[in-house]
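Alright, structures below, take your time with them.
In what comes next, chain A is part of two complexes: it sits with chain B in the first one and with chain C in the second one.
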Partner chain A sequence: MLEILPQIIWFSLLASAIYALVAIGLSLIFGILEFINFAQGDFAMVGAYLFFGFVIEGGLPWWIGIAMVVIVAALMGVVIERITFKPVRKSPPFIPLVISIGVGALLQAIMIFKFGGSVKSYRTEGSKAEVYKLFGDTLSVTQSQITLMFVTAGLLLGLYLFLKYSKTGTAIRAVADNQDVAAILGVSINKTIGIIFAVGTALAAVAGVMIANEQNLSITMGLSLGVKAFAAVVLGGVGSLPGAIVGAFIIGFSENFIVGLTPIPSSYKDAIVFGLLIIMLFLYPNGLFGAKAEEEARA
Partner chain B sequence: MFEIFTNTNYLLGFFNNVAFLILLGLSLNIIMGYVGYLNLGHVGFWAIGSYTYTILLMQGHDFFVCLFAGAIAAAIAGLILGLPTLKLRSHYIGIASLGFTYIVHSLSLNLTDITRGPLGIPGIPRPTIFGISFQPNHMYFLLSWAVTIVSGIIIYRLLHSPWGKILETIREDQVAAKTLGKNIFLYKIQAFIISAFFAGIAAGIYSSFYQYIGGTNSFFIPQLLLLLTIVMLGGAGSFWGSVVGAVIVWIMYEGVRFLPIEAGLVGPVQQATYASVLVLIMIFRPRGIMGKNVKILQK
Partner chain C sequence: MLTISKLTANYGGPDILKNVNIHIKEGEIVTIIGPNGAGKSTILKSIFGMTNIVEGKINFYEENMVGVKTADVIKRGICYVPQGRSVFPSLTVEENLEMGAFIRSDKAQIKKDLHYVYEKFPKLYQRRHQKTKTMSGGEQQMVSIGRALMLQPQLLLLDEPSIGLAPKIVEEVFQKCKEIKQSGTAVLMVEQNANIALEYSDRGYVLELGENRLEGTGKELLSNKKVGELYLGK
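Up next is the complex of A and B:
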């Protein structure tokens, strides 16, 4: 039992990092526009396929590929926001929520046109991943996993500094706190929301690349990612970015520990997480850390 | 290519599809339009109804027993999903019920002893009632429309009864309904159970019509999108809206087959079509074609 522990912890860390990236985008959008973006998981799916297009099919080096994914995804986020969510900004949350389901399904259809519906993989025939063995062979870690962990840590740190110290970041926090007051003080609401969508979509796209690096690419891969990210957001307390990260770690660790240490087959992993989510929404609709969202959640 | 419209079997198939889609739309509309909650778990009820009906029918039980058993199974699922989630706000129910659909889908693929997993269950018979075989398409057409019309009348009567009026009152003004001494939660959970029940009935006529259920792509996002588009296009909160929505959505679905595109792209084009319709209707006319201006769609 103990000898598989390092491996489980490493997998948990990887999963947590991925969920955190998606959850932050979700939390940013929820914090300001007050609707759940169901397309967030599909943004990740698009990111995974873009990387496939640029690097595996296009032959670009991976770091240019990542940069391209970030740029294209950010643009996509802005365009989607302008076309679909901006016209309904003053509507009740029900409407942008249903729209986001439509947007997600549309993105799936577009990706099938471009890449076909079959399951794909980043691993090409004959290529061998560099594997490091640690703790007396109980832990194997691939080169790409380490790279991606650094990329995630860098992105999270960058986001923190951006929100905390940059002028735009301050504007984002101001808009999240009180849109009307921020507008009076001369913050451009449209620009700020556009930036939030750009950041949120780009983070999700990177997460998509990470998950596709570990598993395979499929058109519906975004769904479970989106629901888990939402679970992370609720766990950490809606609207709190550090909370979303903590929530992502709780989900990442619990799903891997449940599958690693119990006889439950891994194909039930997602079903278990969603079952826990439903129970958790019932018991703690305000998350584990905040009471602020209580009125938010209860009708 | 137009000779297909004089092909009786094609037309019978078309209207058979419309029959169970109307019933699925009507039943989902009870929750979305009359209670005002975004229920993304309806596909899960559909799946549970279908598997229960099919498995019992294949064991040689009577048609009406199977149809009823499928509906009861779906209704119990409605109770199980409704109990923990109905006190939450609409978008929380949205995510919890999406999780429910995912769990049911995941179970249908993994419980291979019962569902045959991704292989699905082929060879589902059409019933023989009082010695009359409903195997031929035209006979089955009569049966499925009879079931749909009877169920539709029951739903119509329910929604226009005092019970339905109270549901509408709760949707429009929860506090007022409470002041009148109504047990809000009880009404909501009843609505959830009834909605799931009729999804189960529709599931029965669906299963025997196609004579096959299951597979990796069934009871999942494409079907979810289809039902959501039916209700929102027709108009949430309008009985006839769901009927009109089902007809229009199925015309669009079948219409894509006549486009000059490769066979492999028909599915994604269909998905893109109703995803776009859903997004456009939510932006430009959120009340749908026939809908009233219900509270969930107002400011």
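Up next is the complex of A and C:
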């Protein structure tokens, strides 16, 4: 039992990082536009395929590939927002929500058109992943996993510093708090929302690369990812960024621990996540951090 | 400094303001009073381009203000404190104030602006790292006013600054308005709390159903029998 613990922890960390990247985008978008973007998982899927296109098919070095994925995804986010969500900004939130489902379907169709419907993989024939054995062979970690963990940590830290200390970051938080007041201080709401989408889409795309590094690529891979990120956001308390990250870690750890240490088969992972979500919502109806925020407001 | 003449405006529906005339001179506090739905706030929103202006003029030092972008209205020296709790609750006091100078990019100047506001509101300096959602309504109102003063505007627009505040705090807010006026910023405000507002005002306007009814100095309106009956509860 104990000997598999390091491996389970490592897998939990990987999964949590992936969910956190997607959940942050969801939370950022919800914080300002107050709708759940169901295309967020598909943004990740697109990221996975872009990396496949640039690096596996195109032969670019991986780090240029990641940079390209981030740039192309950010641009895609801005364009999608302008064309689809901006015209309905004043509508009730279920309208952009439904549109986001359509956007997801459209992205899937475009990727099938470009890459075909068959399952793809980053592991090419004959290539051997560099594997490190740690803790007396109980933990094996690949080079690419470590790299991607560093990329994720760097992105999260960068996002934190950006939101906390930069002028634009402060403006984003201000717009999330009160759009109308931010506007009368001269903040461009359109620009701010554009930035939010660029950041949210780019983070999701990196998550897509991470997940495709572990599993195969498929057109529908975004579905379960988006759903788990949504669960993380709700668990943490809607609108709270630290909440989204904590929620992602709770989900990443619990699904891997339960599957790793009990006889429950891994195909039940999603069921576990939702069981957990239901239980947590009974205990903390506002999410972990949402409740805290409300108490603070009352005090 | 600001002249609104024959202003007719709406929000895309029926006209809220009809042929309204208002002006404010340098160094004045001017208050617009009137019942709910008289269109008082709409006047301030029109200055900030948030309404649909059908007819009339808004001039600030001879310059036309109709159709001017928000950022440009601010640049020309008009700042606005909207109604209700208009702070950014999850931001600290200092971040709130810095947002007031969003259109500036000169960091040294923003430091000076902060200094200027902290001098006027020493309490805000003590609490500059506190999140504004943890503050009382009165303190939040001070943050909103302080934020609007960051650019040291020539004209400050206040929409119901006393709303939801305890009487003692209301007095404090109006006292601040007086200080603001003395440091060279004219104040145009809209108030429900007509008694005390007129006491602190140089002049006032009574608005009813989107039209001018009466105007005069603060004292004149306070002693006007009709105004007393209708709005001052005398």
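Everything that follows uses one rule, which is that the second predicted complex is superposed on the first by the 281 of 299 C-alpha atoms of A that agree within 3 Å, B and C clash if a C-alpha of one lies under 4 Å from a C-alpha of the other, contacts with A are read in each partner's own complex, and residues count from 1 in each chain.
Assume a contact is a pair of C-beta atoms (placed from the backbone, for glycine too) under 8 Å apart; a residue touches a chain by one contact, two chains touch by 3 or more.
From a predicted model like this one, the values you see are computed outputs, not experimental measurements.
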Touched partner set for A:K90, first chain B, second chain C, both or neither: first
Of chain B and chain C, the chain that contacts the larger number of chain A residues: B
Touched partner set for A:P265, first chain B, second chain C, both or neither: first
Contacts of A:R173 with chain B and chain C, given as first, second, both or neither: second
First (chain B), second (chain C), both or neither touched by A:F282: first
Touching partner for A:A183 - first (chain B), second (chain C), both, neither: second
Partner chain(s) touched by A:L157 [first = chain B, second = chain C, both, neither]: neither
Common interface positions of chain A, toward chain B and toward chain C: 296-297, 299
Residue numbers on chain A that touch chain B, as the complex places them: 35-36, 38, 84, 87-88, 90-95, 97-99, 101-103, 105-106, 108-110, 112-113, 116-117, 220, 223-224, 227, 230, 234, 265, 267-268, 270-271, 274-275, 277-279, 281-282, 285, 296-299
Chain C-touching residues of chain A, taken from the complex the two chains share: 167, 170-171, 173-174, 176-178, 180-188, 296-297, 299
Residues of chain B touching chain A in the complex: 38, 40, 81, 84-85, 87-92, 94-96, 98-100, 102-103, 106-107, 109-110, 174, 220-222, 224-225, 228, 232, 264-265, 267-269, 271-272, 274-276, 278-279, 282-283, 286, 296-299
Residues of chain C defined as touching chain A within the complex: 48, 50, 70-71, 74, 80, 82, 86-91, 95, 98-100, 102-103, 131, 133-134, 147
